Every structure is written in structure tokens, then in C-alpha cells.
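Quick heads-up: structures coming right below.
You will see two complexes here that share subunit A, one where it goes with subunit B and one where it goes with subunit C.
Presenting the complex of A and B:
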């Protein structure tokens, strides 16, 4: 389904990004945007091509470590750090993707999880570089981007939001393009797309690489924002969190990634105060969504919008 | 590394490998028939390890857990299959993966809720707490017992799959479930039984592993990762694949843990990548 671009979703997301720092802690808003970026990589893979990845945290983690090392040891600016983090994510995704995108169905899913675990153990094995369980610390806390100072929480938010918006618009543009239609064809019927002459493996590899770049960028942003890299950035739990956000938000639209991140981050923030085992509720919600609302929370919005649109049409 | 040490590590690796076999055979069995990977497999293993812990607290040893653990997990698996999975068979395979993943999360949180997030140690049964001399080597008796138990289970499973009517249904179902249904066999029932059996095997692995590695709420992730490596190396859906894959991975881990201890776990995954590169379907894979 090739949608229009820009559409109502674009407008809603931009509006939310503008409002967010005024209605919640700026650091919380920044966190939401960073995870929305990471989640976009899952949404792109699952929503556009039908590839379910349990391993996007691997690329996020790699991006975080890469960016952090550049900032700390090579006096790189944040822009350089973020771009290289993206390239690192893309390069690793290209290499792993070449190995695994040929495998269909569950095999692909298992391999993404296994390689994510491999990344975690690699982080532990090379603790001289990564800091192991202690994380990678000692990053500079103030930057200049294009002559502007990045120190206050709001400036971090703006930097993160600009990065997210660029990726978000690109993904939206991609899904609305003829290329997006080819990817959708692969998602709906891989065999038929292949029979029609599309180099399916190459398309899947391209999508996997792009998703790796996006996750790498999210990792870089996380490192810049936190001022250190916690080992949890590359743990399997990170991959799972991105996946949960994507499914809850809905993978039918890139805006679902944003909705998922907003929902998950706010709910976890609110619930973790009340009940430490809130993740159990998220698990139940995940089951409910898979069984009863495959389009995720975003599809509720679409349903409501459709109804409104219908009324407007009658009136 | 001296030959003496190498031989000892090989012995050790075979021991670890048999546990890895137990851990992954249920996964491969379920996949063979139902064509989906149970992401709650590690959580079944986790729950059984905690059952072993609770029983060792109550009775002073894990003997009863060997019976109760697998049965309880099989029952849980049945409930999950009837309550949730049954509704997803018509959906894309992502639905089953996501549901079982959510179940795994739920298990992890429930375990922390009932116990706490701290690691628990589970005692080795007193009668197996000694050591055994194998030629010039000493070997913990419990570990040897686990290897023997896993070997027995491998043989029994092979007999069940290859020599019984149920096994024939399993094999036929994995070839063409629809056709088997048309022949008048209740495929639904076979699916239930296979899922329960897979759960029971994960449960048994969890109980047997508990005295070796303790019980902690996050062991399910590690176990799931290992099980995936084993089935990717051996090939999904075959008993032989699970056995050979398990042993191979056990050997890699054991030998690497003397050569480069920090990277022993990493090398397991590197071995998987290598197999994937030269034999994408795994050593005995059909898919």
C-alpha cells in the first residue's frame, strides 16, 4: 500500500514533537525520541518488508559504543560521531545481513536473536574497549553543533528531534515510494516477487542495512544524551524493548514507532513507581495486541480518523 | 595445551554438550511438527529450575523435581497452547513468536514476583555429590549422572519418534499436517501432545541444570540463545542435529574456556556463524 507523503501522520508526529518538551521532563521527551528512532528500524523491517528482528539492539549498541569512542578518544564532534555510528550500524547489518537474509521465516528470526547475543558476549570479551559490565564512561558533556552550544536539556532534545525527524521523514518517504511498493510485495508474497524478477535478497539486504543504520544512529544519540554507554545498550533486552515498542505502536506506519515509544516510555515511567514488575503488564498487553489488534495502537488512531473522516464526508 | 588437558576438556565439553542437547531437543521437536519456534522455551527451562529450587527447599533434595518439574511444565505448556497459541495457527508465524516471547517475559516477571531477582543455588543430591574417577581424570558424579540421563533420553526419544505410532504421527505431521488430518488423525491433538512433550523436555533440562548453574530469573535468555545456536548448527527439526549440534557447541565452549576464557561464550556464536557460512541449513538440516 503506497501511502501519501507527507500525510496526517507526519503532521501529528511533528505536532507531538513540538508539544512534548512542554508537557513532560525534557530528558524524558529526549528518551522517547531516541527510542522512537531505534524502534523505527524494527518498524521499517517488519512493517515494510516483513522481516521480524530480535536483534536491532545489536546495531544500537554498536552505534553507541562507536560514537562514544569517537567523542571521548578522538575529539570528534557529535555530528561526526552520529554519522559514523550510522555507518557502523549499516556496515555490520550489511555483513550479517549477507549471511542471514537468505534464510526465510523463523530461521531469520532466530539468527537475529543469536547474533544479538553474540554482540553482547563480544562486548564482555573486549572489555578493554567497551568497559565491560561497567559501561563506557567519561564522555564530554558539552558540544557545539554548527556553532550552536549543546548543553541544556532542551538543546539535547532539539538535536535528537532533528535527527529523528530526518530518519522518520525518509522512512515515510520510502514506504510511499515505488521502492516501498516492491518491499511490500516481498512482504506479502516473497516467492511471487521473485518470480516477477525482483532481486528479493538484494532488496531485503538493503532494508536490513538501512535498519542497521537507523539503529546505529539511535545508539549514537543515546551515547551523546547519556554521556556514557551502559552495557544494557547492547543487551538482548534492548532488542526486545525496541520490538515491544514497535508491536505496541503498530508496524503498519512509521508513526507507529513513535506512538509505541511514547506509550512504552510513559507507561514504564508511571508504572515503575507503583509496581516493580510492570513488565508483566506489558507482556499481557503484547499478547492482547497480537491477538486482537494486529495494527497496534496507531491503528486505533486510524480507525477513529476514518470514522471522523466519514462523518465529515456526510456533513 | 597439553594432550592431558585437552582430553579433559573434551570430556567436560561432552558433558556440557549433553545438557545443551537436552535444552534444545524440545525446541527442535516442536519446530519439526508445528513449524514454529517456541520463544518461551527458555522460560520453561527457567520455571523448571525454580521448581527444582523450591522443591530442594521443601524436601532437601531435587529428586521429586525430576518428576514434578517436567510434568508441571508440560501442563503449563498445554494451558498456553489451548489458551493462546491455538488462536494463532491461522496467523503469520510472527504471531506465534511474539506470543511465546510475551509468555517468556511474563514467566520471568512472575518468577521475580514469587521469589526475588537474586540468583539461587540448588544443592546437588547428596548421593551424587561425590566424584568419579574416569581413568586419570576426576569427574563430578552429578555431571556424569546428567550425561547418562541425557543419553537415555536421547535413545528413548529416538525410539518414540522412529518406532511408535505417536512418532509416526509426528513425522507424518511434519511432512504434511493437512494430509494427516484428512487421513482421520486428530492433528490438533498431536500438536498439543508435541507442545507438551517439548515443554516437558525443557522442564527436565531446567531441573537437571539447576544444581550445576543455579537458578536466576534471567537464565531464560541465555538458554534460548544457546538452544538457537544448537539448532542452527545441527539443523532445525532433527534429533540428530540437536545431539550433534549440542555436543559440538559444548566442545567449543569447553576448549575455548581454557584457551581464551573471556571469549568462550563469544566463540559459541562465532562457531554458529561459521557453520552458517559453509552450511546454511545446518549440519543435518532439511529446512
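Presenting the complex of A and C:
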């Protein structure tokens, strides 16, 4: 995972972000970038430190509701909303992480799953705040950020892309840093890392908190973009979707999150018009990728680069 | 030898003559009006969305044009996700300039799309059932064809209470979404008014498929009537599981909101027999508008129309009738034309109430019949009552915000 920063992956992702609104609907491109941000939280956890979380949808949902309530009820600006959404995601992840990062393997996975389910039912229980199954409506649709109007689909895309790029570069920087090397060591052999004197729990908690913040940001972006928080933002299916995107894209590089989001969103868009049970086809694709391309789609670039003896695609 | 000037004049004239027909054709050509339809072709309610989509598409095809414009049907598949519905509506309204929108597969989607279309200056005709649609969340841009939950409950629960005055203990199983909650709160009001004992309620979520726990709880409360307050396949599953638990023996079952024929077909006469259903449309009710829908559906499927076909047809019909009356595609003119409009709809003469944009029409209480009593393969139920029970406009909470 550790490597140089910025690298070829950085350039490829930036190039794709520039091209996307010209080759597809801007709202679709925005959705891809938002889900790529959410998927980054899974990639950071699974790729950098080896923690498989089924609960990132919980932090995304919390970020969405927090941001939406600030925008609608407290007339906050989008930047304030997004920052607080990140902080809310981080705070919840810190609190839950303190309880669960000591657990390993399947126990950690099941605890994240349980908390994700609790989040969904809390959303239903507090429907006076969240809107319940109807979602949270009535958000403003026009904003000003640093004096610039955010009204058109393109302006929302630019806002979303800037937020994604900042997080993407931070995650790249983190994984390429000495801290990233420690996280990788924990991922490879937690016991030995502990024996070497690293406070493993603190490192895992820090990664879990950072991932919560990133997911919270994705939720906030979704709320700002839609002018609405759909209940699906906090459903278990959202956690699954982020995980599937991460695995499809490949968790070996932050760019895999972007590749996974692009692939999943475009393929689901195309397949859903062909067959109502399109998720079954996504499942088949996931099986094929796990079996035949365990490094995910992003590893194709690395394979090609390896075959040609170059370093292109290195994440 | 032809002179150069004469040649140029002749050539120019010839070119003009040759070019004229397409130019004239273009001048006379109808402009195209895109109508976007928001339906779930996958997800929990895919079967409902698919049939509704057929109905709307067939209506657009049958009318062909409106207000002098050729109609073009643009399907937006929301995959059962309100967020996806909002995104796709944003996409077509901001990037394609579409202002005319119909359809929704459930009330949560209808509510979200209703706000989006209004915020972007469009017009939206939908088939959501929740009271909020023409109640506190109503707006100038939105119209609703089916009855509200208030009407569904007052057209089914009330007649059933009158028919069985001894049945005092009612239990409800409710979908925990806006539509289910609306049905439940209206039921509670009628129970209170009529002195009915509400012995319990079980909520299920949108994703539930298995209801035996809820039914066991209902059985233990020993109700006289089980009222099912949900929608789509979930209604079918609750009824099927309640019947398989033997609930029909001692308890009357009422599905306050059913989609009629397609659900009766899914249940079969063995499950329908003796069960009461509320329904917005029944093919057996004869009317000029109903016959027109029947002809179109007969051409397409070779069979009679079900509620979903009729409902999908109706929302497109309301919009097209409005455009025709306005003689324009301008949204404020269509809204003005629709307010107070009467037309021949699938259930007979239907009227758009100006105060809350609710279409006033009959709602049916139906009783499922035994297989031996069916006159043909679609004769699953009899109409027990046809009622227009609408909340007075000043009680709806609609302020046209």
C-alpha cells in the first residue's frame, strides 16, 4: 500500500474527474464522486489496516442527517454542514471504535454490522428528527461557498470533487507515510506489531475514527447534493454497497475506491434497465473479481504495468 | 448557351424549390414534449412499478399528442430508492429541461419527488396514497389521482364497522413508512369515533418479508378484525400468512389498500375468499373512461386492466387532459387548467379539486369470493360499496406552499 505520493494513480484519478462531467450526466458523475468518498473510508480500513467494517453506512447516514439538519434548521452554510458532518462521523466512530477495535476477525465484523442495524432502527425510532422512512426533506437547494454560487449540477460536481480530492490526497499521503507503514504492519501481523511496542489499539482506533470522518463527509455531500436525505443512506444496504465498491475497485490503493464507485454506479445504472434483479448480476461480478482479480479493478493497471516492466498504475 | 446570370438564378430557384418541402415540413412539424415518468423497475416494489409504468406509457402512446405537441415518454428508473428518484428528476429537469413529470411507486418516493419538481418549477401528477401528498406537504405543482389514506380508510373501515357492529376488537399490521402510518392514524380516528377497541398494532419495515411473528402476536390479541395497513407485495404476504395461520376462521381480514386484480391473482381465490379489500379501481365497474382503458389494455395484454395499469394510465391522463385544456405546455397554465377540471377517467367522471389538487373519485370496498362463485377467471371479488369519502379541503392542512 505504501508508495510515493503523488503518483500515477493521483494523475489518473484527477484526469478522470476532469473528464467525467463531459462524458456522462453531471448528476451521475456527482453521485459517483460521493460514493467514491464513502468507499474511501472502507478502503482505508480494509486496505491500510485490515479492518473489515460492515458499518460505514452508519457514519455516512449520520453525516447526511447532521449536515441536513444544520442546513435546514440552523441555516448553516454547506462548508459548516460538511465539517460538522465529518466531526459527527469521527466522534461516533471514536466512541464505537473504543468498544470494538479490540475485537478481532469475525467479532469485529459482527459488531460493525450490529451497530449499522442499530443506526437504521434509531433512524426509524426518531422519525421526528430524521423523517423516518420518508427521509429528511426541505433542505435548501442553492448555496454560496466562498462567495461562489452553488446552484447548477456542475457547481455541485465541482464542490463534491474538491472535497473528494482533498480526502483522496490525504488518504494517499497517510498510506505513504510512516503512519501508513505502521498500519500496514498491523494489517500483516498484529501480534508482532504489538510485540514491537506499537500501541496497536490506538492505531486501529485512529484509522477507524478517520474512516468514520470520511464516511460522514460523504453523507454530508449526499445531503447537500440531493437537497434531501433518503433513508437508504443509513440502511445496511449502504454499508454493503460501499464494501462491494471497495472490493470491486481494489483495496490496495485509494484509487481503487474511485474505480469501484465508477464501475458499480455505471454498471448498476445499465443493468437495472435490463433486468429487475440486477443485484444478482452485481453479485456475479463480485464473485468473478474476488476469484480471478483479487486485487480489484485497480490492480489491472498494475498487472499491465508489471507485464510491460513499467510502474504505471502503481497505487 | 445559357447565360451565367440566368444559370445562377435558375439554380438558386431550383435549390429553393427542392429545399422548400423539408423547410415547410419543419415549420409544420409538431414540437416534441417530453413527459418523464418516475417508477421503480427494480427493488422491493419492482412488480408494482413495472405495471404502473406500462399504464403511463400506454396512455402517452394512446393520446400521442397534447396541446399540439407530440408526446415522448421518458422513463426514470429509481430502483426503489427515493434518493435515486430525486437525482434522476434533478438530472432531467436541469439538464434536459423536462418540466412535466408523472408517477411514483410508493409514497416516500412521491413525497420526495413532489418537493423536487415543485422546487424546480415543474408539474407532477402522482399516485401516492399518503395523506401528506395533498395535506401538509401539498404544493401548487402537484396533483394526485388515487384517493388519500383518509378516503381509503373511511371507505372501507367505516362500512365494515356498520356491517358488523359486533366486531369491536380490531388489530392492525402496519408498514412503517409514510403510507402505512397514514392508514394507521386514520384507522385510529375512526376507531375512536365508532367506539372500536384497537387491541394492538404491529409495525413492519419496508424490507420485511416474513410476518409470522406479527401474525402470532395479532392472534394472541384475539381480534374480531385484522386491518392490514401496508402496500404492494407486503399486503399479499401478510394476507397469505394470516390465512395460512387460520386467522380467517375467527377473524375478518381487511386490506385497507389493495391493488386489486393483480393481488387477487397472486393470492388465488382460496386466500381471497371472505377477505375484504379496499381498491381504487375495478375493471367490472362500467364507465366510458373505464372502457377506454380496457380497450387499450386489451390491445396490449389481451386481458382486463388491473389497478396498476389504470393508475399508471390515470396520472398520465390527468396531465395530458390539463395540457389539452390549457392548449399550452406552460406549467402555470396547465395548473390553472387542471384546477376544477372534470373528465372521463378510469372510474367514471373524475374532478380535480382546486384547493388541494386531489382527484375526486370512487374508492371501492370489495369482498373476495370463493372459486365456485367466480363467473370468469378475473371475477375474484364483488364491489360491496363505492364511496367518495374525502376530507373537506379546510381539514386537509394543505396550504399550497
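Going forward, the second predicted complex is superposed on the first by the 306 of 315 C-alpha atoms of A that agree within 3 Å, B and C clash if a C-alpha of one lies under 4 Å from a C-alpha of the other, contacts with A are read in each partner's own complex, and residues count from 1 in each chain.
Following the convention adopted for this analysis, contacts are C-beta pairs under 8 Å (C-beta built on N, C-alpha and C of every residue); 3 or more make two chains touch, one makes a residue touch a chain.
Given the structure is predicted, the values throughout are model-derived calculations rather than measurements.
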item: Fit or clash - subunit C, subunit B, common subunit A; value: clash
item: Partner chain(s) touched by A:153 [first = subunit B, second = subunit C, both, neither]; value: second
item: Contacts of A:135 with subunit B and subunit C, given as first, second, both or neither; value: second
item: Partner chain in contact with A:277 - subunit B first, subunit C second, else both or neither; value: both
item: Partner chain(s) touched by A:100 [first = subunit B, second = subunit C, both, neither]; value: first
item: Contacts of A:52 with subunit B and subunit C, given as first, second, both or neither; value: first
item: Partner chain(s) touched by A:124 [first = subunit B, second = subunit C, both, neither]; value: both
item: Touching partner for A:287 - first (subunit B), second (subunit C), both, neither; value: first
item: Touching partner for A:115 - first (subunit B), second (subunit C), both, neither; value: first
item: Footprint overlap on subunit A, comparing subunit B with subunit C; value: 124, 277, 279
item: Contact set on subunit C toward subunit A in their complex; value: 41-43, 46, 50, 77, 79, 81-84, 86-88, 90-91, 94-95, 107-108, 111-112, 115-116, 119, 137, 176-178, 181, 205-207
item: Of all residues in subunit A, those that touch subunit C in their complex; value: 25-28, 31, 124, 132-135, 137-138, 141, 152-153, 222, 225-233, 235, 268, 272-273, 275-279
item: Touching residues on subunit A, where the partner in the complex is subunit B; value: 46, 52, 54, 99-100, 102-103, 105-107, 109-111, 113-115, 117-118, 121-122, 124-125, 127, 236-237, 240, 243, 247, 277, 279-280, 282-284, 286-287, 290-291, 294
item: Residues of subunit B defined as touching subunit A within the complex; value: 31, 35-37, 84, 87-88, 91, 93-95, 97-99, 101-103, 105-106, 108-110, 112-113, 221-222, 224-225, 228-229, 231-232, 236, 260, 262-263, 265-266, 268-270, 272-273, 276-277, 280, 287
